[in-house]
Structures are given as C-alpha cells and as structure tokens.
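Below, each structure is written out as structure tokens.
Each of the next two complexes has chain A plus one more chain, namely chain B in the first and chain C in the second.
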Partner chain A sequence: MGKHDKYDAIVAGAGHNGLTTACYLAKAGLKTLVIEKNDMIGGAAISRELYEGWTYSNCSYVCSLLRQEVIRDLELPRFGLQVVPYQGSVSFHEDGGYFSSYDDHHAFRREVARFSEKDVDAYDRYSQLVMRQCRFIRPFLLRTAPDPTTLRPRDIGELIFLAKRIHDLGQKEVGEMVRFWTMSVGDFLDEHFETPIIKAAMAGSGIIGTGLGVYSPGTAYVLLHHYMGDVDGSIGAWGFARGAMGAITKALGAAFKEAGGEITMGSGVNEFLIKNGKVSGVALDNGDEYHAPIIASNMDVKRTVLKHIGREKLPADYVRSVERFKIRGSSGKLNIALDSLPKFPALPNDNLMFSGDMSCSSSLQNLEMAYDDWKDGRFSKKPFFDMLIPSRIDPTLAPPGKHMMSVFTQYCPYDLNVDGVRSPDNWNEATKKAFADSVYDRLEIVCPDIRDRVLHAEVRTPLDIENEVGLTEGNIFQGELTFDQLLFNRPVPGYAQYNTPIDGLFIVGSSTHPGGGVMAAPGANAAREILRRIGKGKSMPDFNPKIAA
Partner chain B sequence: MRKPAKKTEKRFTPQKTQTTPFHPRTNQFNLMQNWDDWAGYLAANVYESFEKEYFAIRNQSTLLDISPMCKYRIKGPDARKVLDRVVIRNVKKIRTGRVGYTLWCDEEGMTIDDGTIFRFGKQDFMLLCAEHMYSWLQDAAWGYDVEVIDESHNICGLALQGPTSYSVIKEAGFKGVETMKPFDLREVEPGLWLSRTGYTGDLGYEFLTENKNALKLWDRLWKAGRQNWGLIPIGLEALELVRLETGFIAPGVDFQAAHAVSRVGRGRTPFELGFGKLVDFNKGHFNGRRALLEHQKNGKRYNLVKLDIEDKYPADSSYVYVGKEKHIGFVTSAAWSPTTKRNIALAELEAPYGDTIRDGIWVEVYVDKEGKWYRINAKATVVDGSFFSNPRTRQTPPGPF
Partner chain C sequence: MSHSDKFDVIVIGAGHNGLAAAATLAKRGKKVCVLERTNAIGGMAQSRDNDGTSVPYIAHLLHNLNPTVVKELGLSSAIKLKELPTIALDPDGRHIEIAGNKAQYTDGSAHPDAAIYEEIRARIIKFGQLLEPMAARTAPDLSEGASFAGLPELMPLAKLGLKMKLMGKKEMREFMRIALSNVYDLILDDMEDGVLAGSLAADSVWGMWTGPRSPGTVLSLMYRYCTGGQSSLPIGGMGAISHAIADVAKNNGAQIRTNSAAEKLVVEDDQVTGVVLKDGTTIETKAVMSSAGAFQSMMIGGHENFDVEAVRRLRNVRSKGTTAKVNIVLKDVPEIAGLSDSQMASRLLIAPSAYYIEQAFNAIKYGEMPPAPVIEAVIPSLSDTSIAASGKHVLSAVVQYIPYYLEGGWNDKARNKLTKIVVDTLSKYAPDLRDKIDYTETLSPADIEQETGAPGGHWHHCEFSTDQMLAVRPVNLLARYAFGIKGFYLCGASAHPGGDVSGLAGRNSALQLIKDGAAS
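Let's look at the complex of A and B:
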C-alpha cells in the first residue's frame, strides 16, 4: 500500500506546459502536486549529460515560441533562465555551394542577389505577407479558442474578437489567410521565388515535426507556426536556452516550488480515478494514490484518454475523436558530442553561420522525395536535417574547443517498414544504425570529416521519444498542426477549452490550442480555464497587449 | 599636452576624429562600419550585429576598446590628500591594489562626474572618467606636493567582459588572476594593469597599458578567447543596454555634469542620484562638503530611480505620473531588457516620489507602430538594486562560464 495524500490540484507530467499550469495553480493558492514518471522533470525540454562533460538538449533544441509574457510573469530569469538568440542560417547545396540568411536586411538582399535579382524583391513581398499572417495569429496564442457552438458570453466575445480581427484584415488578406491555412508550402514558395535552393531553405520550417511533404496541403501553416515566435520582440527569431533546454523546465520547476508546489518523480500515472463522471485522483504505477478534485494532464490527449482512462467511462463519440487525432511521428534526431569543430569546406572561416541553423537541401523536389520514403514507412534516404552547433554560442555545453551538435531530421517513421511489415518493433540497433548512417551521409556533404569527430552520439527515433518522454508515436507537437486539428478543433471538437467529458479532468499539453513547440501557451491558457471554473480567474495575469499587434 | 607634429609626420588636422591604438583591429572587425565619436575618438557603435554583441556580454565574452576614457594620473606624497579633496568618498579606504567608484561635486554640491579611482601604489593613483577634468584636478592640487598628469592619450584601455572572461584571461596565460576579487587591481605583467571592474554588471576585467602594447594585448586575448570562449568585439550600443540593466548611470543622460551645462539648476547632488552612502562627511574637507551638509539637512529635491514598467514597449522620453495625472518626472534611459525579460528604465522623479512614496506611479509610453502612434499608460514599480544580478559577477575564483 503506497502513499495517500490529498491536494487541491494534481498535474500529471512535468513537461514545460504541465509545469506552467502548475505554477499558475500554485500561485493562485492551490495546494498542487506534479507527478513525473521519469527521474527528472522536463518532459521534452531537458538537459542531460549523456557523455561526460557534454550537455545535451536531447529532445527539443531551440526556443522561440516560449511566450515572453509567461517568462516575465513567472520571473523565470530569476530562476536561471537565459534565452540567447542565434543568428544566421545556411543551406548547403550538394555541389559545394550554399545560400545563407542574415538578420541584417541589406546583407540578406546581397546574398539573395548572388542567385537571382528577381528573388531579392520577391523576398520582401513574401516577408510582408508572412508577417501579416503572423500578426493576425499571434494574439490568439494566449487566448482560449472560442467554441462556436455555444452561446456563452465568453465564447461569443471570443468569436467577436476573431471576427473583428478578420474584418480588420480586409478582403485581400483574408483570401491570403485562407490560402495560407490550406496550401502547401511548396506551392506557396513557387509563387514567390525562382531559385531552387532559396525555396528549399525556406521550406524547412513547413515540414519540421510534420508527417507531410512540402507539396502537401497544410504545410504553409506549419511554416507560419515556426515564424510566430519571437525573441524579445524580434518576430521569427530563434534562440538557445543557456545550459540547454532543461534550463526552461528547471526554472519553471524552481518557480513552482517557490510558490509552494510539490513534485514527485520516478513513477507515473497509471490510472485517473473517476467516479460518476468526475475525477477524484490518480493511481501511480508504484501503487501510490493521490487525490484532488482537479487533475491536469500534461500527457498528449491520446495517451491520457486511451491509456489511462477506461473507455467505458467516456462517451463513445469522444473516444472515437481522440482515436482519429493525428499524431504520427515523423522526426528523428542525432545528438553528437564532437572532439573538435568539423571542417566546413564551403564556408569562410569563423563565419556567423556556424552559430545558426544549417541544412542541406538544394530543391523542393529533394524534400518531397524525402517525404515519399516516409510515406512508405521508411526513413528518408536523403533526409532533410536542421543542424546546429549550440556550443558555438553556449559555452556551458561542452569543454573548451569541443562541441555539441544537434541534428534534427525529417523524415523518420514510428512504425518502420521492414520487408513490407510496418511496426515500431522493427526499430533495433541495426535499423537505428542504418538511420544514423543516412543522416551522417548527408552531413558528410557539408562536413566531410564529421564521422571522425564523433565522440559519442545519441540516435533518437520516434519510438525512443515515445518511450522516454511519453509522446505518442514520438510526435514532437503532441498532435499534428494541420488545420483540421487547430483552434476549436484541437484536440477534438467540443473539447477545445482544455476540458474533457470527465468533470475536473483537463488536458494542458501541446495537444491543445495553440499547439506544439516549447511555447507554454497551452499550459498558461489551461491554467486560466481551470482557475475560472473554480472562481479564481482573477489570479491569472491579463496577457492581452494594450496595443493590438 | 599633445606634442607638436614633427616635420616628417603628417600635418595634424584638428577636425579629424582620432583613432585609438586598437584601431587596426577594431576597424578590421567593424563590418558595419558603424562608428560614433567618443571624446574625439572613433568608437564602434556596432561591429556586426547589436543583438549578437549584447548577448555575448551576457553569455560569452567581449572586447570593448575603452581608450577614449579620460585618464588622470595623480602621483606624489600628497596624491591621496588631493583626491580626497576632490571626491565625496574616503580615498583612504581604497587600499593599494584596489579600485573605487566615486562621484565628485562642485562647491554647490552638484555632481560633476562619476568615475573610478585606481590605486597603483601608496602615492600613485589614476582617475578614470568620462568628462575632461584636468584643470579641475590642477586647481585642487594647488599647493600640494603632487603631480597631475593627463594620460588620456598615452594609455589605452581594453575591457574584457562576460561570463567567460576569466577563462579567456587564464587561457591567455595571465597568472594569479583567480584570487582577484571584484575591484582588485594588479600589475599582472610589467606595464600591464588588470582590474576586475567594468560597466556591464557581469563578470569582467579591464586592462590599462601604454599605447605601444595595445595590439599585442588584443591579439593575445583574441587568440585565447575567439575559438574556445566565444570572444567577440562589442560596440557602444550593446554597452548602453547592459549598463542600464545593471543600473549604472551615464553623465549627460541620467544626470547633467555640473560643468557641462549652462542652465542654472540642472545640477544634482549625489544624494539625489542615489549615492548618498558614498558621501563621507568625516574625512575632512572636500569640494562641495558644506553644500552637501546643507542638502542633507534640507532633504533631496529629486530621486533618480530604477523603474520596472509593465508591457514591453521601452519608455523612451516618457513623462512619469502619479495617481490621476500628477506629473512627477521623466524617464532618462529606457530599454527592454532581454536578459531579465523586463521593461526597464531610469527616471528622475521629484522627491519624495520614488523614495517614501512609491505607489500609483505610472509612465506615459509612446509607441510607433509603422507610422501610427499609440499612447499607453503603463504601471511602474520602483526597483531597489540592480535589474540584472548574477552570482557569477562576484564569485571568486570566478567560474569558467
């Protein structure tokens, strides 16, 4: 017989969203417990020393979407969080050339002009369009999605807000908006640019974490999702958390503890205890039971509902909706400890670009082919990678002169196809090595000596991510970011306000609006909904800007 | 005194902005070719990118050419006495091998400038500051056994600042630096003075040496720091933000140097600038003592305070109000602080606002959104201490990063 304790609220899962919800509940005066199955908090925002002297961001690896409002309100810098933006990015061509991006507008124009005079101005027009759509969407990030089917004053208010913003856009931009939310990133880029490598460089953001190809409808929105973030108001900028991504959840954890919260680690939720349609507590794998009238699940909706609640306790419609929620794994990762900086023959020495994103895709067709492999359940023969060397900027990650490399790759399936049979069980040491080799082969195009520099490498397939973090099928967004599962459809229609058919049970992770990325918006929005329901809504800060963006 | 140009040299052109001894390097790295004029010298505003430079100060390490600082050597048996006559704090308490921050005033108790006193030896000091102070020091030295030398143009300075700055120094082969505490000063190598000081609020050091050693010093630090510790050069724009994050005040911005203004009543006492604790009335006479005693009795007229302002828009040039709409002052410096994720400012308020009355203060912020202006009334909280504070700044021996 394990422990039995009573709380006002329990959060299942210590990811960044769960911890954000927990912080706000604790600050509102609720006696709050966070339960984490692993021996460390963080979920997919963690720092791990997998090789002595090196710190790995072994899941999520960059930070942009993390809401500045939340960082400030929870005083995360006081708890050690420091976000350092990086600049520049470079896309290598197989033939030895490259196209790079600079933050400085003039430098960027000069770079584009190396390829095409026409694309120089095209970029400015493209950029204006993307920024307009970003500005439209950004205010919705820290608001609950309205339920269009109710007549509750708050939902009507939110719908009016949405309608007013759409009205303010004007006819032309509303047309663009609908196109943006439904088009493929490939078609969209083809409309603007003529240079293949420039299109390929920009398309990466449209497929990261997504089981779609550059020519699949819906990928234009995914690109937008990656542009919505900002670092200190610089929209679209990306940064590192100093000390790797775990610094974010460490700071959240410390803020939570200061607010009086408790965390228990090492055993996860086995079952949500439900009586007469109302949640009453959780039973852990180790036999402990904790009771509370409010339970917030940071697990994705599929895992929460299908693994930890008996379906006899739920409406059949709801279960079906959850079952069809798309959460396919499509991303893999290599985390590499390097004994020195590899050589990049194409790049000038000590260039700014060493500090930014690097990829190697010379055309949209190449990216589409990488997707074709995945459709068949195979990892891409020529994968897209988003590679960074964060130790070029963050001195805390590796010993002096040594480096940490993070190689995010697209596409890598969850249910690997071996001899016509698709199953996660097909992942083993041999297939993982083959996957890693496909990535190294691509890396060798840009740094031929990469294999000789490796001291240690961690190979991550979607299955590994599911097993370690708990993300169903290893989907990094806790559910794909396509229009059919966004806003009031996320995670499922009718339950898009962080609620479930079970009284007192809430979903607070990235399965909910506004979706994935280390954003903390779902966690903060969910806290607001929970607190409103118990009459403490006033204890949440007002995140609405005084000036409409 | 600048020596007259020799016939073989190029004719000296007074209109031409001077270059510091580090110019061959600062020029090479200044991709933006974005220069400012600092005390008559070319000083880089931005080398490559403001953000990159700002974040390097808070994350890696940075080089800033501080050669344009005014540097006055005060030497001789009465050197300490002369400085004590000039500045408000007790110079006796600045021991040999230490650096002390101070302000100094005119006879009316109005602040002329702030700066740092470097004590090389018992009878050997250097005053580093922004304003030209040679004749003021000469006046104070009259009748004393002391020599005041303007070394502004002979001695160059290089600030090495940021969390990895200690690692850079160690890697560059300087010995014994691990025991240096904040404000310690040492001749680390013959003719090369190193102090653990700076204007960034982060871990950092400053070098002083003769002009002829400049490039050798730069190259040595560059070699040690560039690849392994993220060392880059930074310009004045990044410096401006970190000094505000630390809460350091700037003459001509947050207060008016009493010698530099023509309008009466622009001067401020050290009490009003928040440095009352530095004033030592027990050390004997010093410039402005009598007036400052009077000010102490009558109370402050103004308070220079730190404000944490809601929302994200910097409160540049803003008025400060209290209650319904009572105007009580204005913002002198403002910025969004990326490291502390706060909207920060220095503001001068009429006393007792900001001191005993702190509630209900707000700032009128103007925001330009692509040609359309908005006005927001943003709540402001008075902050004590530095906006940015990190234990690594004070830790001895310092950490590697």
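Let's look at the complex of A and C:
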C-alpha cells in the first residue's frame, strides 16, 4: 500500500484540457493534484526527444484552436509559449501539378485563376460563408451547452442566448447555416468550385480526425473545427508552437505549478473511488491512493466510465449511452527525421509553401475512396495526408541542416481487417510497415527521394495512440464530431455540462463540448462548472459576460 | 383563344402531386386546368397495360400516402389498399416476415432481435408522427422573427417543442440525439447486423443518394414512417391512386389535358398571366403551379424572372437519381424456398444487412452499378386478381443504388447489364426465375427522367437530405411554395416536405396559394 494524501481536487490525466482545468482550480485556491500515467505531461500535445537532438511532436502537430482567452488569462507566453504562424498550403496532383493556397488574397486569386476563372469568384463567396459560420460559432466555444430538457434558469437563459443569436441572423442566413451545418463538405465544395484539385485541397479539413468521408453529411461543419481558430487574433490562421506541441502543455504545467499545484507522474488512475454515489478519490496502478471531493477526468468518457468505474456504480442508462458514444480511430501518423530536405520537383526551390501544409489528393472521389477502405477496416490504399516540415520554421527541432517531418494520415483503422477479421490485435510490425509503406508511396509522388532521406521515423497507428496517450481507439477528438455528439448531446444527453451521475466526478476532456483539437475550451468550461458548484464561480473570469436579456 | 380558356390556376404536370394540388383547388371552387406533357396521367404513379398485363410502371407500393390528404380529398372510398407484410430475404434461407413492428422467421419461429427491433421501429414511428404535422403544412416562415407578426409561424414550432417536452426527458433527449444521426449506428448499437437490421436500414435510403452510415438517414426513416410505416398495395395498380385523385379534381370541375406540354410562362409586371404551350397556344390564368423539378420549373418560369442568387441556388439543387425500375413479366410465379404462396405475395426485400446496403451505396459514388444491389420486389397480381386477367404475372423491382450519372452513360448495353444484375440477384433467392421470364422492361434513372421529367430520375426530385429540407427545400428563401414570380407556385416532390406518394407537397402548396390569395 502506497501513499494516502488528501487534496481539494484531483485531475486525472495531464493533457492540455486536464491541465487547463487544473490551472483554474489551483488559481481558485484549491489544493490540486494532477495525475499522469506517463513519465511526462502533455497527453496528445507533447514533444519528445526520441533521439538526441530531435524533437518529435508525436501526436497533434499544429496550433490554432487554443483559445486566446485562455492563453492570455493564464499568461501562457510568460511560461514559454510562443506560437509562430505559418503561411499557406499546397496540394499536389498525381500528374505532377500542384495547387497552392496563399494567405494573400491577390496571390490566392491568381493561383485559383490558373485553374478556373469561375472558381476565383466562387472562392470569395465560399470564404464569406465559412467565415460567417466561424463568427457564429466562436462565442459558443467557451460556454457550457444548455440542457434543453430542463427548466433551470441558467439553461433557459443559455437557450435564449442561442435562439437570439440565430434569430439575429435573419431568415436568409439561418437557411444558409442550416445547410452548412448539415451538408457534406463534398457537396458544399461541389456547389462552389469546379476544379477537382481545388476541391480536394479544401476538403481535407472536413474529414481530419473523423470517421466520415467527404460526402458524409455533417462534414462541412467539421471544416469549422479547422477554420475557427486563430493565431494572435488572425482567424483561420495556423501556427507552430515553438519547441513543438509539448510547449503548450509545458506552459500549462508551469502555470499550474506556479499556482501551487502538484503533479505526479508514472502511474495512472486505476480506479475512481466511489461511495454512495459520491466520488472520494482515486487509486493508482501502483497502489497509491489520493483523496479529494472533486475529481476531474481528462480521459475520454468511454475510458473514464467503462474502464475505471465499475458499471454497477452507475445508472444503466448512462452506461448504455456511454457505450453508444462513438469514438472511432481513423487517423495515423508518421513522424520522420530527415537527413536533409527532400526534393519537391513540382515546386520551385525555396517556395514559400515548404513551410505550410502539404497534401496530395487530386479529387474528392479519391478522398471518398480512401474512406471506403477504412469503412471496411483497411487503411487507405491511397491515403489522405497532411504533411508539414516544422523544422523549416523552428530549427530547434532537428540538428543543424536536418529536418523533422510530420505526416498526419487518414484513413487508418483501429480494428484492422485482416482476412475478414477486424481486430486491433491485427496491428503488428508487418501490418504497421505495410501502413507506413502506403504513406511513403503517396509521399513519393510529392518528393520521390523521400525514402532515401529518412534517418529514423515513428509510425503511429490508432492502436499506438490509444496505448501511449490513452485516447480510446486513438481518436484525436475523444469522440466523433457528428450532431448526435455535439453541444447538449456531448458526450451524453443530460450529462453535457461536464458532470456525471457521480457526485463530484467531472469529465473535462475533448469528449465534452465543444470537442477536440488543442483548444483548451472543454477544460476551461469544466473548471468554471466545477467552481460554480462549490460556490467559487466568481474566482474564474467569465469569458462571455453577455447573456441575452 | 376562347374566353372560357381563362383559368384561376394552371397546374403543370399530372403526377400525383400535381393532381392533388388540382383536386385541392377545385374542391375550393377554383377553376383549374392540369397540363400533362405525356399521354397519360400519374407520373411515377401509373399502371401501364402491356398486352393485357398491368405493370406498375415506376412506383409500386404506397407507404406514406398522407391520411390528411385522403381525408380532405375524400379518397377513402375511391381507393382500396391491401397492407402487405415484408419478407426480408436471407441468402441462407432464414427469411424474416415483418408485419407492423413484429418480426419473426417465415417458419413462425422467433427471431432473437425481434423485441429490440420492435422497440426501435416503434420509436422511429413515434418520432415520425411527432414531426408529421411539420410535413403537413408550409415550412415555417421565420422572417418576422420573434415578434407579434411572427407569432403564427412560431406556433407550430412551439407545439412541436411542447410535444417533445410531453414525451418526457428521456425520450426528448433520445429524439435530439438521434434525429440527425445515421441509421447504421442507431440499429447496430442494439442489434446484430443481418437481415432484420438490413430491412430497417433499407427503408432509410430508398430513392436517396445516401448509405445507412450517412448522417441524416434516421430523419429520412422518420419521414418514411411518419404515417405508421406500413407498405400497402393499391388494388387496381398504382395508376388507381392517380386516377382516384384525378377524379376528385374532375368531379369538381377541373380539366385535365394530356399531350399538353407547358413551354413557358407569360409574365407581365412580375405577375404570371398565362402559360404558353409547346404547340404555341397560350392559356390565360391567374396563377400557375408546377410539379416539375425545381430547376425545371424555374426554366419554365424564365430564369430572367428570378433573383440571380435564386438561380444560383436552384442550379445547385442536388438530384442525382439512385433508383432504377425493372419490371419482369412472368409466364408463371417463381418459387423462393421457404416461402408459402401467400408469403410470395408480400413485399420482398433484398437487403440482407446494413453492411450490404452500404457496400451497394459505395459503387454509386464512382458512377458504377453495384454488383449486388438493394431490391424491393412485389408481384402485385398475387394480391390483386383485378390485374391478373392475362394470366401473366409481373415481378416489379425497385432497384436501389443505380447511378443517374453512370460512367460511360446510359445506353442499351448498360441497360442490359442492369437487367442482368437484377435477374442474377433475384435468382439467388428464386433460382427458377430465369425460366419463367417472358420479357423484362428496364428503366434506368436516366429513362425515368426521360419518361416523367423528374430531374435525375430522382424519387424525391430534390435529394431528401437535411440541407434540402423544410425551410431550405428545394432552396433557401424559396421554401414556401411561392416560386419567385407572383402567382407561380412549386407543388412537386422538390417542394416541402418531399417525395414519396404522399400527396402533401401538392396539397400544401395549393393551400398556400389560396392563403396568399394568388388565384382570386
């Protein structure tokens, strides 16, 4: 039997959301402990020196969604966080051509005009539509979703706020919004553009991290999850965290410690201790026990409930709803250390786009086929990838002259299908290599000498991400971003305000509203709910002071 | 042109919606004329006589003919329906018989998932019935917002909200969770994938460009089941339905002219004043309703009379047809092992799993025909002796996931390939089918478009997806039937609430026209 210590609050899991919650609890004066199963904090926002001189962003790799309100309020720059924006992206065509996206409006129009004059006009219309939706949704990110089935004043107030926001849009915009929120990114793009490669280049953001295809209704909304962020107020911009993604969680960890918080690493929560419907503490894998009347789980809802709480301690309906919650692994990753920059024959030397997102999808049909492979439990024969070379912007990531490449890949199943049997057990060295080869084959279209440049690489399947980070099925959003799992439905209808049926136990990770991405919004919202319940709601800033009259 | 040729309303197209619109108007004393391009009324709901054999030309069963329409038009005595159970065919011979919400194996033994099936289906029907009042009226107009003037338009929404509340928290939450979800997850969360699961999944995708995994399919299933989910065979053939509605119109003084194609509206000062026919004659009228597709209706109205944004939106209406029709005229009834003679008369379903349906859907995305399509088949003459005079039978097959945009285009070779796929698929269950075929008649989505004018040959004229539904059907700002030009109304399946032989689009549109005072 190990240690027994008492705290005011315990946070299980040191991902960016758990740390955000922890920061706010500690700042409110609660004696707070963060428990992390791995030997370092960060969850899926982590930098690791797998080889000396090389910094791997093992999971998440770019930054934009992290709420400015949280960055400023927690003074994360003071703790070393620096987000460096990067420009543009390029989508390569199998036939050797490419299509670039520039931040500069004129440059971008000229680029689109290389393919189609019609698409130049369409682009202005398209950006306006998407930007309007971004503007609409952003104020909801740092609010708790209302429960429409209750008559509590606060829920009714929030519903009125929602209704007023919608009402103020006017009939036309409401119609456009209904369409945008429910249609597929493929149909949405087909409505605007005619050039296959332009559509393919823009569709990627609608499917990243999801178990949906470009023609699945609801994917246009996912687009927002990649557009509604900002870097220093520039909406839609993306950046690199200097020192890789771990810099975000390192800063959060440092802010937490400064506020008086404690972190224990190396052994994770084995069981949430529950008595008479009330949480009293946690027991760790190593036998240690810690006690607190408030426990915040940064683990996804499935892992929290199904793995670390006995189901007999929970209402059967709730357990059933959690079982139904869809967390599907659909993406993998290759992190590649390069001894020099590979050649990109399609691009002029020193092209600006070397520093941005690179992909290779020539049409929406190709992307949809990649999804069809995944539906069947196979990794895509021709996967979608989002590739970046962050060392171009942040040279500290690799030894001088050498480079780090991050290749986010989709689709890659969790339960791999081998000879008709679907199981995560089918992932082994051979199948992992086959997966990596399918990605290298695609990369070779873009940079034919890529295989010769590789010094060492890390291949991450959904199973690896689950095992290392703890994300169920390796799903980067801790739950699909479909309508049945958004707002008051996320993660479970009736328990969408970060609470659970267990008194004192809260869910604070991306399984909750507003969902995934390195956003820290769930963590901040959850902290506010927790503090409100113990009468300390005022100790945290209300990022959204306006409630409709 | 004689003076008597001036009408209150001209209805373009004598499909069941056009006819329902005409009947609704005529019953309210309007002077109505229906113009039908072809030589027969009924559109997709018609029976054809092929050498003494009655063939359900395109649609063959009713599943949500709206009770309000039946009641308002007094159709109940004019039409006879025979409710058909569904036999969900199993490639391994363990067929399932579904009557209402009850499912069991055809040999009478219990199916392990019968209870959960009943629960899911009953819930979908309940939720569908909850939404039905929204289908039976014009889509809400929110332009007045939450003001006194906007109150009447908010009432139905408030009623819906109240009804949801009255269901209790648990059911309300379930409704809000699944309403925009996909049917694949909904079913397979609780049931093994198989024949029974397939039968539910199939009902969510008929006529649509979606697979069971596509979000939105639960809503389409609610729509299909909003009047109870029962499939019925109209005695006398599908044509009997169209004729019954047409009779109501005619008995109330409406004219129906076949072989009269409307070419263009006459528009003066942004007001419809007449219709020019293909043969050059002009008919005067106060208002025009079109049951043609949304885009096609705009072209009849003249795109120059529409707002440029409306034109753009109408160009973007999605109507990629996905359903073909194969009519197999039989010398004799084939046998399916395990089915009795009376069971052979059921609605026969080939959708052996939700996975199978999704696989079939995959093909259409790339302009291909699936090697194993989803099929709903029925042999009407087994239930309806009135159409069995010739001694021949017809196996009528609705074939799902046949692309309008077929790679290489539609021609005889493609049509033959489709026929072969369908006969091969059916023969897996009815091995003696081939020997009993007299001849076949195959209609691709392109043929259906050619024959009926339905854009893309699409069952719903305008894809039945959430982004083309209610207040945005067929397009944003043209969702309340009034269609861009004063006195011009849309009344076909592309208008709210959508397709299926329900009669609502035509009826709702007619009522809106009267309410707007457009024909007075």
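By definition in this document, the second predicted complex is superposed on the first by the 544 of 549 C-alpha atoms of A that agree within 3 Å, B and C clash if a C-alpha of one lies under 4 Å from a C-alpha of the other, contacts with A are read in each partner's own complex, and residues count from 1 in each chain.
Everything that follows uses one rule, which is that a residue touches a chain if its C-beta (ideal position, glycine included) is under 8 Å from a C-beta of that chain, and two chains touch if they have at least 3 such contacts.
All of these numbers come straight from a predicted model, not from anything done at the bench.
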Original post:
Touching A:280, do we find chain B (first), chain C (second), both, or neither?
Top reply: neither
Subject >> First (chain B), second (chain C), both or neither touched by A:171 >> reply: second
**OP:** May I ask you to decide whether A:116 touches chain B, chain C, both, or neither, giving the answer as first, second, both or neither?
**Re:** neither
Original post:
More chain A residues touched by chain B or by chain C?
Top reply: C
**OP:** Pick one for A:401: touches chain B only (first), chain C only (second), both, or neither.
**Re:** first
**OP:** May I ask you to decide whether A:431 touches chain B, chain C, both, or neither, giving the answer as first, second, both or neither?
**Re:** neither
Original post:
Of the partners chain B and chain C, which touch A:493 in the superposed model: first, second, both, neither?
Top reply: second
Original post:
Between chain B (first) and chain C (second), which, if any, makes contact with A:482: first, second, both or neither?
Top reply: second
Original post:
Which partner does A:179 reach: the first (chain B), the second (chain C), both, or neither?
Top reply: second
Original post:
So which positions on chain A get touched by both chain B and chain C?
Top reply: none
Subject >> Residues of chain B that touch chain A when the two form their complex >> reply: 32, 48-49, 51-52, 55, 58-60, 163-164, 167, 171, 226-230, 311-313, 336, 338-342, 367, 369, 374, 376, 378, 400-401
Original post:
Within the complex, which stretch of chain A touches chain B?
Top reply: 68, 71-72, 76-77, 82-85, 87, 103-104, 231-234, 242, 341, 350, 352, 392-396, 400-401, 545-547
Subject >> Complex contacts: residues of chain C adjacent to chain A >> reply: 141-143, 145-146, 165, 169-170, 172-174, 176-182, 185, 189, 210, 213-216, 316, 318, 358, 362, 365-366, 465-468, 470-472, 476-477, 479
**OP:** Give every residue of chain A touching chain C within the complex, in rising order.
**Re:** 148-150, 163, 167, 170-172, 174-176, 178-180, 182-183, 187, 191, 212, 215-218, 317, 323-324, 326, 365, 368-369, 372, 375, 482-484, 488-489, 493-494
